[in-house]
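The next block holds one structure in the form of structure tokens; read it before the comments.
First chain written, first letter: the chains are A, B, C and D, and each begins at residue 1.
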Amino acid sequence: MTDWEPKIVAFLCNWCSYGGADLAGVSRMQYPANIRVIRVPCSGRVNPKFILAAFRHGADGVWVSGCHPGDCHYIEGNLYARRKFTLLNNLLEHTGIEPGRLHFSWISSAEATKFAETAKQVVDAVKKAGPAQHFIKKQAEVA
Amino acid sequence: MNNPYLPYPVKIDSVVTETEDRNLKTFKLVFLNPDDEAGFNYTPGQFAELSIAGLGEIPIGIATSPTEKGYIMFTVNKVGKVTNHLHNMQAGEIMGVRGPLGNWYPWDVLEGKNVVIIGGGFAFTTLRSSIVYMLDSANRSRFGDITVVYGARSPGLLLYKEELAAWEQRDDINMHITVDGTDDPNWKYNIGFVPAITKEKAPSSENAYAIVCGPPIMIKFTLPVLTDLGFPAERIITSLEMRMKCGIGICGRCNIGTEYVCKDGPVFTLEQLSRLPNEY
Amino acid sequence: MSETYVSKEKLPGIVEQLMGTHRVFGPILKGQYHQFALLEESADLDLAFRNTRLSPKALFHPHSERMFEFTLEKGNPDAGILKEVPKDYRSRIVLGIRPCDAYAFKLDDRNFITDQFKDPWWVQRRESTTLVGLACNDPCSTCFCTSAGSGPFDTSSLDVLLVDLGEGYLLQAVTHKGEQLMGDLAGGESVPEHCTEQAAALKQSAEAQLGIQFNLDPVKQKSMVELFDAPFWEDVQFSCINCGTCTFLCPTCWCFDIQDEVYQSRGERIRIWDSCMFPLFTLHGAGHNPRDQKLKRVRQRFMHKLKYYPDKYADGIACVGCGRCVQHCPVNIDIRQVARLMAESCVCPV
Amino acid sequence: MRAYTEKIREAAKRLLSEDRVDVVIGFRKGTVALMNEPFLVKSLDQVDRLYWDGNCGINLANYLPKRPDRVAIVAKGCDSRNIVVHLLENQIKREQLYILGAPCHGMIDRRRILAALDGKEPLQVEEANGTIKLIGRDFEETLERSSCLQDNCAICIHRNPVVYDELLGDLVAEQENVDRYSDVRRVEAMSSEQRWQYFDDLIAPCIRCYACRNACPLCYCPTCFVDESRPQWVGKSIDRTDTRTFHFLRAYHVAGRCTDCGACERACPVGIKVRRFTKKLEKDIKELYGYEVGLSTDERPPLDTYRPGDPEPFFK
């Protein structure tokens, strides 16, 4: 498993974090290539079902990132999202998902450095957690 | 043991977009194994389960007639998961067909009778099968007059347009093609709803059976017209739709009262339906 | 048919013996409830049970069952072609099944085995199985097998009947298959005196305890449509929450769904228990749903069991009276009560 | 309990004959011991079949969403809180409702009793003075009522209805010093791997009948996520991952809405303690946002609102 590289699904909000990723790219900043970006209109758009779907399809980690609280393009979408993800994260960990699989961040479109750094942190954390064992459906366990 | 759930592998031979809204496509399928084709003996009015591995199955009426050899044809409306995927499939791709399933129009009873076929929209598939079957030179003499009323919302939504035009030219079939409305100045057929055109053309009920397939609203307004024309309930035949899975009367979901639409149907006479709960 | 007697101490030995030649399934206490499962050792068998929470239908028609498998690999000539999957059809014995639950298989046979189509999995499991039933000496208050065409000592679907006589079991062969099984057994004793009489007395007392709880004869005369339109369904359906408990616990509810699942580049077609209680059961692709209301779904379940099935096959009802739905319906809808309502609505008021 | 039955019948009679309501939702006596059936009364001649005892655990709020008529409904503490949730979520209007508040002493757990009787079958049940007398064909046994309550009732701190138009009896004393989250803490003390295993074992018997979902007054979505096909979020077999996904999302979907009425556990035919999922959410919501579900129609539910300074310990 030494050459194992984690797969990480990142849901980035269109107005901030996606812009941050874009800027990081344009600025030629280096960050690990383990991240698959899905652009969403707002972090509030990310339904918990999406996160579970990512895990079920074999993601080793999921990262959701949006605008800083107060800067949401839709005024308050990320503030609702914050509560939603807090509860989701707690319940996932409560039911046995290891800490370090699910990540949240606030990154503005100007924070390219923060994006690259957070990406590194996320990848490191997921690497530490190892390949995902739970929620992945490999084959139905049926008769 | 012969497994009735196992589809025969088939290859898509061609795909034809039937209607201007691009929601209906006709798929011509050929069997990969000749034995399967030999075993696929069907009669107009039957249906089959089209199977796409990874997505599921859909029950679709067989649009070809058994007199057309070497292939089978299905016209599919794009509505759900399987049909959307099917619409994106290309000639040459592999899928599955399971059947033939269900009962068929009562050809032994129709022999020697006049047949009035009334169809609306994309419910014309097994009616096409029936018309081709009856017009086949080996069969034509077995039936009396054939009258067809077929309508769609607009000319672009009619199925099998070339064949319709060819049938129009023949003198052994009375074709009444109609559309609900059109702004096409070259439209040379009827304009009006199917029930109204049926009333206008007034096919005789003398020694005749009517086969009616179409959207519920069309059927609802056509039935009284047929009754007025003197068709008794036992000589009005229709084909029902129902959510199906197994297609062989085992999985239990498509029943109307005691009858499984997939196995005991889909073809029923109005008289049979009147004895069943109104739940379809 | 022959009879043997097995004392209770000797039963484990007999079970061991059977396990040597067959896969033996029997009631095992799992957590709070008994459940039919493969015996790993004879001591797991627990015949001191009323009945299992789930009916043993899963032994023949599992909740989720792989039907076919396929590959979707690009370039593979078999891509998209469904293939059968191997199944274990080695001979097996179901030990301790209640007569009512076994009778259910006979009713289900009519659905799975028809002249035109035969369900291969059901057929092969049925053929490879010997049913050794355990007579019900002490039926529950919710049991009504005698009203449903079966009974506490019903042998109609069994190969062997076991009767618990306190110190031991009386084994009665019912079919040729059962006869063979008993012939192969070592350890049976000749039947002590009075045992046959004792079993007959137990049968009589169990049947008397059950009595006849409803009579559906009037329903036979009434037309399907009239019953369908009867007003009492409104009252019956109110409390229903449209969960699938009744259908999933029922030994004669066989309805299933077929689903395809894909895992990367391969997949499977699976069949899964379905329930007429679920709106999705009848929802057309185009959005129309013939059973879009709770009332229609509740009515379908009872009509199917008590009217459609008897009419279709010109025989008894599609219910064996095991009482599981009565016991475990979360809102206490009682099929016996519904049967009475159906029968009453058929009595001519004059 | 006899008193409640009388009061319910009296109120139903009065409300129907005065044309204050169109229907009354209550219970009728069940056909088996320790069970009663939710019952819709439409006319005066049905009123005398209304019934009440300690086996009315089913949450009647389940029958309210989208009702068009004027309804009188018998409501225990938890039912009343679910009515509040319905009001908040616009499932029914307060003007439509006439709430007959039933101060509650906790509802009886039928399974617990059957397990205690070890196979013996009670045919008749008498409740009196904090005991339950169970009478079977050849036995009689008396149990302490407090030892036979549903799990959620034993730790309930809102036994009195929070909203009502009239009461069926005197308000009861609420339980104090109740440890509501001992189950949650027990899991919290485990490692991730142990927790995963714990919940796997918990839901292993699940047969995907959806009784937990359907018994829940909150589960009124026209199409549940398990029934969605494009995309399909979760498989329908009893595969462990699918079963886990179902239970996880079901629990999450009632976050900030669940009143811990216990309807899900009561309905489960295979006895899964599904509240083990929802209790964690309830605890978090109380600790993080100071919210208790269904106490007031003035406060928005926790996932429908926010505070600028909400805790965000793990946000980067």
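Rule of thumb we're sticking to: contacts are C-beta pairs under 8 Å (C-beta built on N, C-alpha and C of every residue); 3 or more make two chains touch, one makes a residue touch a chain.
Model, not experiment: these values are computed from the prediction.
Peer 1: Determine which of the two chain pairs, C-D or A-C, is joined by the larger number of C-beta pairs in contact.
Peer 2: If we tally the contacting C-beta pairs, C-D comes out ahead.
Peer 1: Farthest chain from subunit D, going by the mean of C-alpha atoms per chain?
Peer 2: Farthest chain from subunit D, going by C-alpha centroids: B.
Peer 1: Please compute the C-alpha centroid of subunit A, do the same for subunit B, then give the distance between them in whole Å.
Peer 2: 50
Peer 1: Between subunit C and subunit D, what distance separates the C-alpha centroids? Give it in angstrom.
Peer 2: That pair's centroid distance is 31 Å.
Peer 1: If you average the CA atoms of subunit A and of subunit C, how far apart do the two points sit, in angstrom?
Peer 2: A distance of 48 Å separates the two centres.
Peer 1: Round to the nearest whole Å and give the separation of the Cα centres of subunit A and subunit D.
Peer 2: Spacing between the chain centres: roughly 35 Å.
Peer 1: Identify all positions of subunit B at which a residue touches two or more other chains, and write them in rising order.
Peer 2: Expected reply: 80.
Peer 1: Out of subunit D, which residues touch more than one other chain, so two or more?
Peer 2: Each of 235, 237-239 in subunit D touches at least two other chains.
Peer 1: Would you mind listing the residues of subunit A that make contact with two or more other chains?
Peer 2: Only 137, 140, 142 qualify.
Peer 1: Can you identify all of the chain pairs that touch?
Peer 2: The list of touching pairs comes to A-C, A-D, B-C, B-D, C-D.
Peer 1: Using the touch definition up top, name the residues of subunit C that touch subunit B in the complex.
Peer 2: Residues 67-68, 70, 72, 79-82, 84, 111-112, 114, 116-120, 123-124, 223-225, 228-229, 254-262, 267, 269, 271, 274, 276, 281-286, 290-291, 296, 300, 303-304, 308, 311-312.
Peer 1: Sort out for me which residues of subunit B touch subunit C in the complex.
Peer 2: My answer: residues 1-7, 9, 51-58, 77, 79-80, 83, 93-96, 241-243, 245-246, 248-258, 263, 275-280.
Peer 1: Which residues of subunit B touch subunit D once you look at their complex with the stated criterion?
Peer 2: So the residues of subunit B in touch with subunit D come to 80-81.
Peer 1: Along subunit D, where are the residues that touch subunit C in the complex?
Peer 2: 30-33, 35-40, 58, 62-63, 111, 115, 119, 121, 123, 205, 207-211, 213-215, 227, 235-239, 266-267, 269-271
Peer 1: Tell me, which parts of subunit A touch subunit C in their complex?
Peer 2: Contacts found on subunit A: 137-140, 142-143.
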